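As written, the chain order gives the labels A, B, C and D, with residue 1 at the start of each chain.
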Amino acid sequence: MFSLEKISIGVQTALNNSLPAFWALMAQFAIVGVLVISLFAVLGLVLVFMERKVSAYMQIRLGPNRVGYKGTAQTLADTLKLLVKEGLIPDGADKFLFRLAPYVVMISAMLLMAPIPFSRNFQIWDINIGVLYISAISSMAVIGILMAGWSSNNKYSLLGAMRSGAQIVSYELSAGLSVLSIVILSGSLQLSEIIQSQENGWWLFKGHIPAVIAFVIFIIAVTAETNRAPFDLAEAESELTAGFHTEYSGMRFALFFLAEYANIFIVCAIGATLFLGGWMPFHVGSWSAFNQIMDYIPGSIWFFGKTFLLIFVIMWFRWTFPRLRIDQLLNLEWKYLLPIGLINLLLITVMAILGWHF
Amino acid sequence: MLEEIGTSAEGDLIINVGPQHPSTHGVLHLVITLQGETIKKVEPHLGYIHRSIEKMCESLSYRQFIYVTSRMDYLSSHINNLGCALAVEKGLQVEVPRRAMVIRVLMSELTRLASHQLWWGAMAMDIGALTPFFHAFREREMINDIMEETCGARLTMNYMVPGGVMFDLHPDFQKKVKEFIAHFKGKIDEYDELLTGNVIFRERTVGVGKISREDAISYGCSGPVARAAGVSCDIRKHAPYDMYSELKFDEILHTDGDCYARYLVRMQEMRQSLNIIEQLIDNIPEGDFQAKTKAVLKLPKGEYYSMVETARGEFGVYIISEGAMTPYRIKFRSPGFSNLSALDHMAKGSKIGDLVAIMGTLDLVIPDIDR
Amino acid sequence: MGFLKNYIKTVYEAVSSLLKGMKRTGYYFTHHKEIITQSYPDNKDTMILPERFRGEVVMPHTDSNEHRCTGCTACELACPNGTIKIITKFEMTPEGKKKKALDTFVYHLELCTMCNLCIEACPTNAIKMAQNFEHSVYDRSQLTKTLNKEGSKLMEGVE
Amino acid sequence: MDQESIKNRLQEKYPSYQIDEGGQWIVLNVPVSDWKQVAAELRNEAEFELDFLFCLTAVDWKTHFSVVFHLRSILHNHELVVKVKIDDRQNPVLETVSDIWRTAEFHEREAYDLFGIRFNYHPDLRRLFLTEDWKGWPLRKDYEDPVNMIKL
């Protein structure tokens, strides 16, 4: 059976046998770096194409269908276009920060890749405070956005950045609370253990209704955190033209664009890991025959399937809903999501203590 | 003309919205004074597409000037043309054949539907929902096809001529319109599903951009903007032209005067337009489609004013004739111009997002404002 | 308790209204037959334009290179934009009389608004509207066209 | 009110003004000096209540200007046309009515922009369509612009 775990272990032993320990580690770093960067590039291409097709079908259009087989190379063509485009820096911009901002956003997205388990034991860094690490790093992206908005010397950008700041900081709370509920249920911050705890069923099903509520809140909160419609106030096209990246063009814009999609992938991967069991196949309690059949599907396919399902849901949101206003956005967080999240967390705690979950 | 773009003396942020901006639908330029996200003042700067159509018309004959008016409010070009044709007919004392009148009303209502559909999609896009735009265009495309078949063009038809219409109806017209009615009746409920009931949409529009009845009158608002504030101002009811006095339809009135009321007025107007088309489509009388008119039209000395209800409101044509081949002076009263003047009043104290919603529900067509 | 009931009701209504919209877009996502866009230049061969569609003014010629234009300039007068310029010449009739005839029919497509007034004005049906709509060229001067063909003459019997 | 009673009522109220009829609507000719007061009366008196200014324009008669106001009463559904004749062609001035009908603010700016008629006490009398440095008043009959105007 195909397994990413075997490949990674094989590579590791091969490296350790042929190189001294330090250089083996360095070689591992290099391999991981190259893999992450290429994963990002592939993700960007795939997700942008997916978004275009999803939006097209929802809008009764055909979508890209000319470049490559059924338009699959369209995003590649667009990337090439962005690469050769001139990257303008507006007069009066803070040039250093202006250049730095896309990298901050991008790097924070890349760092988030570290604790995500793609398959059994296929994980860059199985840190024991994985969930904490994720919530810490994911708040870093806002610095990049604020940097971009401020350094552009453009009022639209500034407004967009300020909106984004208020939005991400508030929604971090709800996302954190719903992540916490899973931490309480599984009793661990380590992602591999959280997944292991879902061996007899995913938390979404094991945790009764409170887990479902936490899941819904999580999806809403991460949609807001990644600046996706209906919460795309930071780049609200009809209000702020393009928000914080109004002045960006060429490759710098492409980095922002890529980071947006990479962020979507990451938050969906986290959602899939926490609530839907990550690479863990669909298991039902004591049905061992059923569970064994499910095990024949490799973990990585389960992981990507779940992640892309969540990504599709987030895209579905975007192509259906109107945008909220900034005050309504904060209302939604502070008046609805946060209180519901807190009560929900209390319920889950009670449930976990009394052992009502499966 | 433009202030030094920066911050005002009080430290407020001054932002240029437009002339190139996704939500101004054209080249409208608004200079807005902001305090944080709250709007203190909106000041429109017009003229980016000013062509001085009124001056142009002074050198065009009474047949020729009609086509120019399609370029004002291009979304209700039929109705604009109709207004001009009515004004000329008033001067010429021509009796328009009944068939022509029915065709004119049918075309006007189809235009109104097409315009409202485009508005629906564009307004949804302003508010942030991108999908409705394409759904609206699906139905609009059907109307455009009908127009193309009968009038020969999709947007600027120049179909109305003094004394009637330019061509007879296409043989397929009735069939296609019936198909359209059957199709659209199902789809308008989908419109409601997608947007009307949506909680985010309601949040964005209910209570936003309020204008009271008195203010609406004082600002000269007309059309759905005024009717949403409770001003009964439908020209089709108050000064019926062509066949409208014989038709059964309701004037939609709401009293809230906010964006949501304007939205509802237009949505219900679409149903009313469908109703009018249904009444007429099976009762198109036989006969001429154009009255006999002289090759060279000369209006007797005098003043002629005709009003029609376009999709945006009251469109007036004021012709002053000195008895020559060309008008001495023409004034077009465009609905968007007066509606725009109320924008500052509506948007004061609301957020930037609201400004976009208000502009969306005002349904501004910039060439109509600039002329 | 009323507050809590209202609160739950608002949340429920909000969520159900959102789901309704998602149901609609989800329907279209899964029903690809409803797609209405066409792949424009690929479908050029099957595209049908209505015969009344106004794309460009043309002057039909018969096989023997005859047209129906007498050079009366009615269309030139009817045109609101100065799109048409007719240059006439004097021809000798067999009886030895001088007769006005068309020399060049200049048509400025770049000025034309396709308002159809010239076609309406023409007493001899010499011009008509063609259905082509792809007018873009690289040089503006190419938009100024001469409608009567080289060496063409007036059809017999058209006055 | 129908046209006849409007006419009678106007004659009673403004005996010195010329009233034209025969057109579509009754036309009341008001001198420049009285305009503001007449406007307020027409707007506020219950029997007229002409609260809807639907068209405001100016006409250049080569010797003089006339500013034409089309008024409607939403309540009574009757219309009245008021014409104000401005003789001074060099320096045409009229008092603003933008405080009576708010819509006049834009319309007067338009008339100022295109005809050069100044409206005194207007809150914000600037060019509306044209740029501030535009020379001349395009809708006047004697306006010449050899560059932008194409004579056919």
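The criterion applied here is as follows: a contact is a pair of C-beta atoms (placed from the backbone, for glycine too) under 8 Å apart; a residue touches a chain by one contact, two chains touch by 3 or more.
The model shown is predicted, which means the values in this text are computed figures rather than measured ones.
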Furthest chain, CA centroid comparison against subunit B: A
Which of A-B and A-C has more C-beta pairs touching across its chains: A-B
Centroid spacing, where centroids are CA-atom means, of subunit A and subunit B in whole angstrom: 45
Subunit A and subunit C, separation of their C-alpha mean positions in angstrom: 50
Centre-to-centre distance between subunit D and subunit C (centres being mean Cα positions), rounded to whole Å: 41
Between subunit B and subunit D, centroid-to-centroid distance (C-alpha), Å: 25
Multi-chain contact residues (two or more partners), subunit D: 152
Junction residues of subunit B, two or more chains touched: 131, 138, 194-195, 198, 200
Overlap residues in subunit A, where contacts from two or more other chains coincide: 58-61, 319-321
Sites on subunit A touched by subunit C in the complex: 54, 57-62, 65, 316-317, 319-321, 336, 340
Of subunit C, residues touching subunit B in the complex: 13-14, 17-18, 20-21, 23-25, 36, 49-50, 52-54, 78-80, 113-117, 120-121, 129
Subunit B-touching residues of subunit A, taken from the complex the two chains share: 55, 58-61, 155-156, 159, 163, 229-230, 232-233, 236-241, 318-328
Interface residues, subunit B side, partner subunit C - complex: 60-61, 63-65, 67-68, 131, 138, 141, 148-153, 156, 158, 161, 166-167, 170, 190, 193-195, 197-200, 295
Residues of subunit D defined as touching subunit B within the complex: 23-25, 51-55, 57, 59-60, 68, 70, 74, 77, 101-103, 105-107, 110, 114, 127-132, 138-139, 149, 151-152
